[in-house]
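Two complexes, one shared chain (chain A), two partners (chain B, chain C).
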Partner chain A sequence: MTQLIDYLLGGLGSGMIIALMALALVLTWRATRVVNFAQVGQAMFTTFVALTIQTLTGSWLVALVAAIIAGALLGVIVQYLVLRPVRRMDTSGAIIATFGVLIALQAAAGMIWGGDSQAYPQPFGNTALTVFGREWPVSAYDLVVVGFGVVLVVGLTLLFTRTDLGLAMRATAFNPEVARLSGVRVSRTLTIGWALAGIVGAVAGVLVAPTSAISPNSFDILLVFAFTAAVIGGLDSLVGAVSVGIFTGLVLSVVSGYSDSSNAPVVALFLLALNLALKPEGIFGHSKARAV
Partner chain B sequence: MLSISGLSVTYGPVHALTDVSLEVPRGEVTAVIGANGAGKSTLMRTLAGLVKPVAGTATLDGNSILGHKPEDVVRMGVALVPEGRSTVPELTVDENLRLGGMWRSKFERAGLNAEFYDMFPALAQRRNSRADTLSGGERQQLAIGRALMCDPQCLLLDEPSLGLAPLIVTQILELVNRLAVEVNIAVLLVEQNAVTALRVAHTGVVLNLGQVVMSGSAADIASHEELRHAYLGY
Partner chain C sequence: MRDLMRLPGARLVLHAAIAIGAWLALTWVNGAVDPLMNYYIALVAMYATAMFGMVILVGLSGQVSLGNGALMAVGGYVFALTTLNWQTIPFTVIPMNGIWAMLFAAVGGVLFGLLIGVLGARLSGPYLAGLTLGIAVGIPAIANRFPELLGGETGLQLTVPYPDGGYAPVVEEVDQQFVEELPTGQDELPTGQDPLASDGSGDLLTSDNFPSGDASVAPDDLLTSDNFPSGDASVAPDDLLTSDNFPSGDASVAPDDLLTSDNFPSATPDASALPLDPGSTDVSGVDVSGVDVGFVLERWQASLAVAVACIVGFLALNLVRGRQGRAWRAVRDDPVAAAVSGISPARSKVSAFVVSSLFAALAGAVFAQILAYVGPGAFGLGLSLSLLVGIVLGGRSSLVGAVIGAVLLVWLPEFVLSLSNDRGWEEQVTNNAPNLIYGLLVVLVVLVAPGGIVGTLQALVGKVVRRARKAG
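Showing the complex of A and B:
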């Protein structure tokens, strides 16, 4: 039992990372009905940018800010240069185009920073915390990760529910025509959605990098986990992405603990298949059919 | 006044509108009637900027409204309530109204918002309910309210009576008439329900296969028996 609790706690940090990446996928999906498979590529690229800044300045925080700015810019660039022209055809063309962007970003990162894994500095110490005279499988850094996740989720929720921009984004997602007829500048709103997703992905990238390492392909497996969480959460739901993302992290940690970490992707795909068979619209999703 | 002259729209080889001209004066309701496929909705969508015409002009008080994006046409004072109770059902009543007036200043918005709730006390009580919990008539009121939050000079209403009970239809059309007369808006009303539309309208325009076949006072058109048989089917 104690072992199970330890495994669950150990999955908290990685669960939050999965949750954030799933959140980024949901943000682009809500804005443009496109699953952006380049999201992890964008996060990888901005994490390399952060690593470069970190090496130059020595400041973890400055590097994070650089990643956030680069993430927003890259989101806008990908949406503007790739998605807009392709979207005129259909959405499946756009999804394939995001794969192209992923490959291009990985190749570009390889050319700029090399193909080898590089260590990302650990800002807050990765040793297990000792509370009540017992060592817990949670480090100070895990708490920082969870803290960042909570701040982002609360911030986005406030943005969506309290501000005009958030209202415009929700109206655009639900009914773009009525939004346009009400005066919402829809294409600008969509671009802002991609920028927000880029920011969330960039934060996730910088947060996950110290626990593994960073190379052009190092986030590929994160895409599998985040995609699984986003789809099971319903693709449309911020709450769904975050809660299923954390849940996925916990499950994978337990699986890795009791068996071997190489089994984690298989279990993730099994969860995805189970979800698609039993409840294809996702746990928190609204069904496609809507009363007119 | 909204003036439309020589307006033509094609969808590929299909001529949806051919050389349509009509005028919509302020303070009046102008009803465009005609059977399914006559081009009524195309006319509305073209005026709102959703469809590009191949020829013709449309001006509001002398300023051209064609060739602009829908989000700019709204800012010029032309608001469309499209067919099918065009609210965003996932948003609350209040959010739907906020959406309509989003590009206006906070001050203007507050005034318009209060006016709307004065006009519809039943909706004021449900301002925090989601729009999909409203009845059909209430949702149509809300859709019109969303358009009014833009403080339009010209209101385009596409089939507001569709799917509503007769009593509710009368209420909605009376509201439309009041808006034209009391707020001095130019109202262009598109209806398949010709009898009811001609009862509230001042002027009627009959559209058939994309062309204007007759225009005149609403009373004249309603009493024109041959026309009714030929184009309106009653």
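Showing the complex of A and C:
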């Protein structure tokens, strides 16, 4: 039993990172109705930017800020150049285009920073904390990760529920045409949504990098986990993405703990397939009538 | 001509003529070029085989799938496991050979395709893409789950089943060029992908269970074209695999010409069968002039890949240009209208999956023989993305486009490499340039010319013809 609790606690940090990446996917989906498979590519790229800044300045925080700025910029650029023109075309085209962006970003990162895995400096202690005379499978860094996640989620929730901008964003996601008629500046609202998605992804990237290493395709598997979480959460639901994201992290941690970490992708795949087979619209999503 | 095509079976005959013509032409070319070119032909044919399936799945049926690389892994692993572990077909006395192994690979592919198709037929757009993305990442990871059976990170070495009369020189070097052209391969070696893949799970991973030790093993054992054994380069063009003595027929590469249990890879190769041994007069690697030319592994691999591509191409032609092709297109364009016309959308989508995974599995079995190796790195997400890139550039719903895409996938990295040799680019620039070009081209094609090369050419020709008619 204590072992189970340990595994669950150990999954908190990675769960929060999956939740953030899923959140980025959902934000883009709400803004453009395109699943941005390049989101992890953007996060990988901004994390490399952060690593460069970190090496130059030696400050973890400055690097994080750089990643956030780069993430917002890259988010807006990708959306303007690719996703916005492509969303009026067939769905296949839009999906393929995002994978094109992913391939190009990974290649560009490989060109600039090389293809080898590079270590990302640990800003805080990564050893297990000892509280009440017992060693817990949680490090100071895990707490930082969870803290950042909570701040972001709370901030976004406040933004969406308590501000005019949030109201405009929700209206735009619900129905762009009606929102426009009600005086919402849809195009500006969408741009902010894309920038937000880029920022959330960038933060997730910087947070996950020290626990592993960073290379052009080291986030591929994170894409699978985040997509799983976003879809099970309902793709449309911010609450769903975050809660299912954390849940996914916990499940994967337990699976890795009791068996082997190489099982994690297979389990995620199983969860995704199960969800798509039983409840394709997700737990927090609204069911849509099927045409045929 | 138009009346002639209305005759029953005329289309079948035409398609057979196209396939056989292509096979004859390529077999002739194969016999006339050097082994390095044979290797490229083999790769192009292998890609084309898999991409015929992608055309049906993505282009005609409208289901964007990233899982076909994983389905190739299914084909490759089934091929490897059956050739490595079975001397005879279980419960019978029929000796195993390459053909049987490929048939088993095909069956494995069909079963997997059925499974994914039934799951995927209910899904559309991003959901399907995401599910197949998970499959592309998840299935190769299964190899790590069963290290004893599937070889884990290291993968499985296999000796290519070869025809009687020669023994493949054992070449044990990584094929750097091939590695480079996998879109997400970057400049890592094939198996570099999976240790990294675990990174996403972040702190789930502990240093004890991290499979880093294996990562550096497999790549060195792959087949190369760079450091190709110099002895083979001098081989006379007309040796044992020219059209004269190529196993007659296309599909009917006669079982005895392939591997039998006597000369099965596990057995020590007979010294007299080695190609460079002057005493090997009893093998068929002796041309008319009596000069010992031996057996060229690349030529055999290319012949095999071309034969499979032509058979698959023939099947694909019949499907695409027949009733089934119309059904796929109808469901893609308007599922409701298709259902009203008596076409079951679900059945149509599943059948597209099954056909494409059959083709993918055959391509995977060929790929295993080209690399003489199967491993999770070789069949990773990069391979799936390559297939997608190929058909998008060539033309999403055109079989000719698939062939053009396959040529592009093989040619562009070589072109970039030669440019880089001239200009003295850094290695990491050279290695990543092809993928950067692919990625940008894919975005550009989707935005500007969704029909790819073939679709754009067709549109241009149509415009010219219409203008000519107006003028005339």
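Keep in mind that, in the parts below, the second predicted complex is superposed on the first by the 284 of 292 C-alpha atoms of A that agree within 3 Å, B and C clash if a C-alpha of one lies under 4 Å from a C-alpha of the other, contacts with A are read in each partner's own complex, and residues count from 1 in each chain.
To be clear about the criterion, contacts are C-beta pairs under 8 Å (C-beta built on N, C-alpha and C of every residue); 3 or more make two chains touch, one makes a residue touch a chain.
Worth saying up front: this structure is predicted, and the values here are computed from it rather than measured.
Colleague: Determine, under the contact definition given at the top, whether A:Asp164 touches first (chain B), second (chain C), both, or neither.
Modeller: first
Colleague: Check whether A:Val144 is in contact with chain B, with chain C, with both or with neither, and answer first, second, both or neither.
Modeller: Touch partners of A:Val144: none, neither chain B nor chain C.
Colleague: Could you tell me if A:Asn175 is touching chain B, chain C, both of them or neither one (first, second, both, neither)?
Modeller: It touches chain B, and chain C stays clear.
Colleague: Compare chain B and chain C by how many residues of chain A each one touches, and report the one with more.
Modeller: C
Colleague: With the two complexes superposed on chain A, say which partner A:Ala107 touches: chain B (first), chain C (second), both, or neither.
Modeller: A:Ala107: touches chain C, not chain B.
Colleague: In the superposed arrangement, does A:Arg185 touch chain B (first), chain C (second), both or neither?
Modeller: first
Colleague: Do any residues of chain A touch both chain B and chain C, and if so, which are they?
Modeller: 291-292
Colleague: In the complex formed with chain C, which residues of chain A make contact?
Modeller: 10-11, 13-14, 17, 29, 34-35, 37, 81-82, 85-86, 89-97, 99-108, 110-111, 114-117, 139, 142, 208, 211-225, 227-228, 231, 235, 252-253, 256, 260-266, 268-269, 272-273, 276-277, 280, 291-292
Colleague: Could you pull out which chain A residues touch chain B in their complex?
Modeller: Result: residues 164, 167-168, 170-171, 174-175, 177-186, 286, 290-292 of chain A touch chain B.
Colleague: Quick check: in the complex, which residue numbers of chain C touch chain A?
Modeller: Touch list, chain C to chain A: 58, 62, 64, 66, 119, 122-127, 129-131, 133-135, 137-138, 141-142, 144-145, 183-184, 186-188, 192-193, 196-206, 209-211, 335-336, 339, 345, 381-382, 385, 388-389, 392, 396, 428-429, 431-436, 438-443, 446-447, 450.
Colleague: Help me check something: in the complex, which residues belonging to chain B touch chain A?
Modeller: Per the touch definition, chain B meets chain A at residues 48, 50, 69-71, 74-75, 79-80, 82, 84-91, 95, 98-100, 102-103, 132, 146-147, 149-150.
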